[in-house]
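Right after this note come the structures.
You will see two complexes here that share chain A, one where it goes with chain B and one where it goes with chain C.
Right after this comes the complex of A and B.
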């Protein structure tokens, strides 16, 4: 029983990181009704930023969060102008296909360069021992950082002028345009931040688990599940959804082989989509 | 005689099938046969994907699941239960179709985005399932012994039998696309693609139609998968549920022109030729996905109606003959 509780607590820690990853996808969806299918690859980009920067310059893994944040933003804005700008307001088919095709190009180039070998970044942080169980230090640090970054996003959206503009555009693009918000620029900034969040969460996930170029697919799926649990277009809901997924993974781990986790999660995803199309924890109307 | 048989397009499809069937027989050309069998697989997958993508405007990123599951069911029935190939193929088609209907009836009550997300997940989930499911050999898959080819007259003759069966599946796919497009059912689907709310208000039973077309689009790809993996005498999760094939089907459907029968078939043939060239070229053989992706992006951004859209705009009269 104690082992079960420890596993669930560890699930909470990892779940916060999943929540952060899902915030990226849900921010973009909430603002422009576009699902960013490059999300998984951007998470992997964060992982590779972590790997390359730590192995090349020997800096602390957590310092790579800053270049990942900035780099992700730049890449995101560029992506917006290349693949998304013409698709905003068009049928969902088109934006899905355009981000999907960009993803193919990125995955194709990356597998050509790095292959599909497993990468692992060793991070040593002392764990926290409670009785017979030790919680890994990296999990605790990643969870705390994820919570801090999520709080930062919340502050940005609520308190800054640009954040308020993002919310205004999400709420009603035409009205925002009428009162003088430069909506196109705001859309590109929002997309940039969405990708930035994916990269940053990729750095954090990279400190927890080994990864390959193709790992992104399973994190993309996890992000979908989290967003569906938390309600589409709602960053706070995403964090709660992430916790729910983490707890579920933690609760299932002692009983089921790890390789079945994805099947269970997908079945849950489909059941939740059917039972609660509006999200379990938050309604869309309260989004952003 | 039903009306669609008398239209010229019906005969055009028959002619294409005849060319596919006879061309490699001429001079017993095995290389041509292997190239055409792949083209037939692409045409089958893309035509059936087009039923969803082109007619109703719902993206199915997981069409390879039908192909792979059909392959698994067929190979498993042949190897573990000694079923004859014909019955195994039928069981694969019906089984996958039924699964698709049950899954679709639930998930297709949702709108475009959510369905697309679910279809991405299904590839990952089914692949994880097949890798863990012991009766299907787990991650190492199932191998067939050469004895399974004996009822078809030995390996050499079996390859020809499989080839003609594949051409038949391809032909049925084209006729299915055509028959659905000209039917009341097809009009309902096209209405869903234009404006789902308006279609529902005008009396199209949208959830049922979507689930039906999803299930219909699973039947022939599953049989094609059965034939394909029976032919290779070997199936494993990473091959059977390779996302590349889903991707290629989408690229083909968009290249030829979503919603058209001719365009998709022609796009499949073009893509197969392009792929053959890319695979043999030293520079591009590792970058097949990159080129497929770049091609798709250009089509989506600049030519969303594909080759047929371009042709129709140039020669409006073609619309009467070529569907």
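Right after this comes the complex of A and C.
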């Protein structure tokens, strides 16, 4: 029983990070109906920012969240103008192919520079124990920071002028333009924030597990599942979706062979798509 | 753009490779063309590139020495190498191309059991001799082939040393077996489970995980719940390293940890204390002291490799190099580059190189399966505060004593 409880708690901790990782992709989809297939690579970019900054300057891994946030935003805005801007308002397949192509280029260049060798960032934070089970301190810190960042995004979207503009564009771009919102700039800012969130989640994941240049693929896949669970275009729902996914992984593993976990996740994915085509939580038009 | 314009553009794009590809031509009279794919991109990149470095070094040394001696002539070695992107479908296309368009006379297998199985179908179909240096799974060599020759120890023996040593240290060990759901890992672990049972060990968990698993937290909790005191498993690179780190972070309190493949790479040391005590079956370690019948000694190979690449040679590089060395020896012995004559020499070969012994099964059901080469057991230990990989088994090759149990010293 203690093992089950420990696994569920572990699921909650990792689930919050999964949720944060999915927030970027769902924010971008919510605002401009673009599926950003560079999302996984941007998560890995955050991991590399963590590794390079900590090894070069010896700074605390958590301090690297700030440069990752800022750098991710700049990269995101640039990416918007290079690969996405001309695709907004066109069939979703266009932006899908566009971001897919950019992703191939990024992965190819990064593989040429670093190969797919393993990187590991050692972070020492005291953990908590429950009987024979240990919850590493890095997992607890990452979960708390993920929740804080998610709350920050919620505050930004609800309480700031720019956040309200983002929500207005998401709800009705033409109407937003009619009342003077510079929608193109808002779209680029929203894309920048989406990439920024991916980078920040990459920093947090990089403190938990070793990584390679290809690690992002797994998190992109998880982000899709989380997005479906939490509702398309709903960043807050993504956090709840991430939690649900983490708890599911934790709760199922003690009872079934571990190879079944992924099968169960994808069965749930399909069931949710059938039963709640817009996601379990609120519809996108009211989501942001 | 109208639909017919789109189709026209697509047709031009599709036809482009036809025009940019150099026309195929027969090899020069004094050149031997050897074809292979390398995973320059994709998940198998690290180990595949390491293997290719060894193969490339063999080619460069052979050509610098004037080429392979065939009767009175010397043949230079020319490679045709393509990136298979770690994808089986690409391997199928590229090995066909290597044979039909590039006229490769001999082949080296790609890295990994899965890709080797795919390449073997093509090489056998066209009757090309292929030396396997990165595919350990036995199944590929149990299909009645004629031209496959495996230079490395098959998967079934990967953890034989680990099980033997573990049983000698703790005859009643409770073993958790958790491994990647891929052909290589499953073949290794099925054999290890049989060996563990024969040795009287208690296998308390036997489960596979998806290769895309990112968080092993719940799995580690399951291992803790099972009261296991020994762990055998893993798969390839990233998953094995993540498992090692999470077992350490979550204080799984294991006395013994054996992982496949990942600890064979020097970067495994970047895990810090999580790497300490982890054992792995290794195809080759510098500490091994074989007296080669031909080719360099282990020390000479390691030095030449370091001088060329400025990195330490690992067993993947050694496997690649020895594949070339064996093929060269067979060609020289045959005095011909005829496939059947060279294959006959490889069938009859029973030799020792710096890499260890080489002899393959010649019965039709297991033709080409390696039967003589033995693996060693290596363990990450601390030396002057630095993590180094030491050979701890067998006794005749060991460079340090085994650290057991590891949980009291981590």
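Operating definition for what follows: the second predicted complex is superposed on the first by the 267 of 288 C-alpha atoms of A that agree within 3 Å, B and C clash if a C-alpha of one lies under 4 Å from a C-alpha of the other, contacts with A are read in each partner's own complex, and residues count from 1 in each chain.
Just so it is clear, contacts are C-beta pairs under 8 Å (C-beta built on N, C-alpha and C of every residue); 3 or more make two chains touch, one makes a residue touch a chain.
Quick caveat: nothing in here was measured; it's all calculated off a predicted structure.
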item	value
When chain B and chain C are modelled together on chain A, clash or fit	clash
Chain B versus chain C as contact partner of A:262, first or second or both or neither	both
Touching partner for A:108 - first (chain B), second (chain C), both, neither	both
First (chain B), second (chain C), both or neither touched by A:52	neither
Partner chain in contact with A:130 - chain B first, chain C second, else both or neither	neither
Which superposed partner A:221 touches (first chain B, second chain C, both, neither)	both
Touching partner for A:70 - first (chain B), second (chain C), both, neither	neither
Which superposed partner A:175 touches (first chain B, second chain C, both, neither)	neither
Contacts of A:116 with chain B and chain C, given as first, second, both or neither	second
Touching partner for A:151 - first (chain B), second (chain C), both, neither	neither
Residue range of chain B overlapping chain C upon superposition on chain A, of 129-137, 219-227 or 291-299	129-137
Chain C-contacting residues of chain A that also contact chain B	107-108, 111, 217-218, 221, 257, 259, 262
Residues of chain A touching chain B in the complex	29, 35, 37, 83, 86-87, 91-94, 96-98, 100-105, 107-109, 111-112, 217-218, 220-221, 224-225, 228, 257, 259-260, 262-263, 265-267, 269-270, 273-274, 277
Chain B - residues contacting chain A, complex	53, 57-59, 61, 103, 106-107, 109-114, 116-118, 120-122, 124-125, 128-129, 131-132, 243, 247, 250, 254, 286-297, 300-301, 304
Chain A-touching residues of chain C, taken from the complex the two chains share	40-43, 45-46, 49, 178, 181, 207-210, 212-215, 217-219, 221-222, 224-225, 237-238, 241-242, 245-246, 249-251, 253, 262, 265, 267-268, 270-272
Residues of chain A touching chain C in the complex	3, 6-7, 10-11, 14, 107-108, 111, 115-120, 122, 127, 129, 132-136, 138-139, 208-212, 214-215, 217-219, 221-222, 249-250, 253-254, 257-259, 261-262
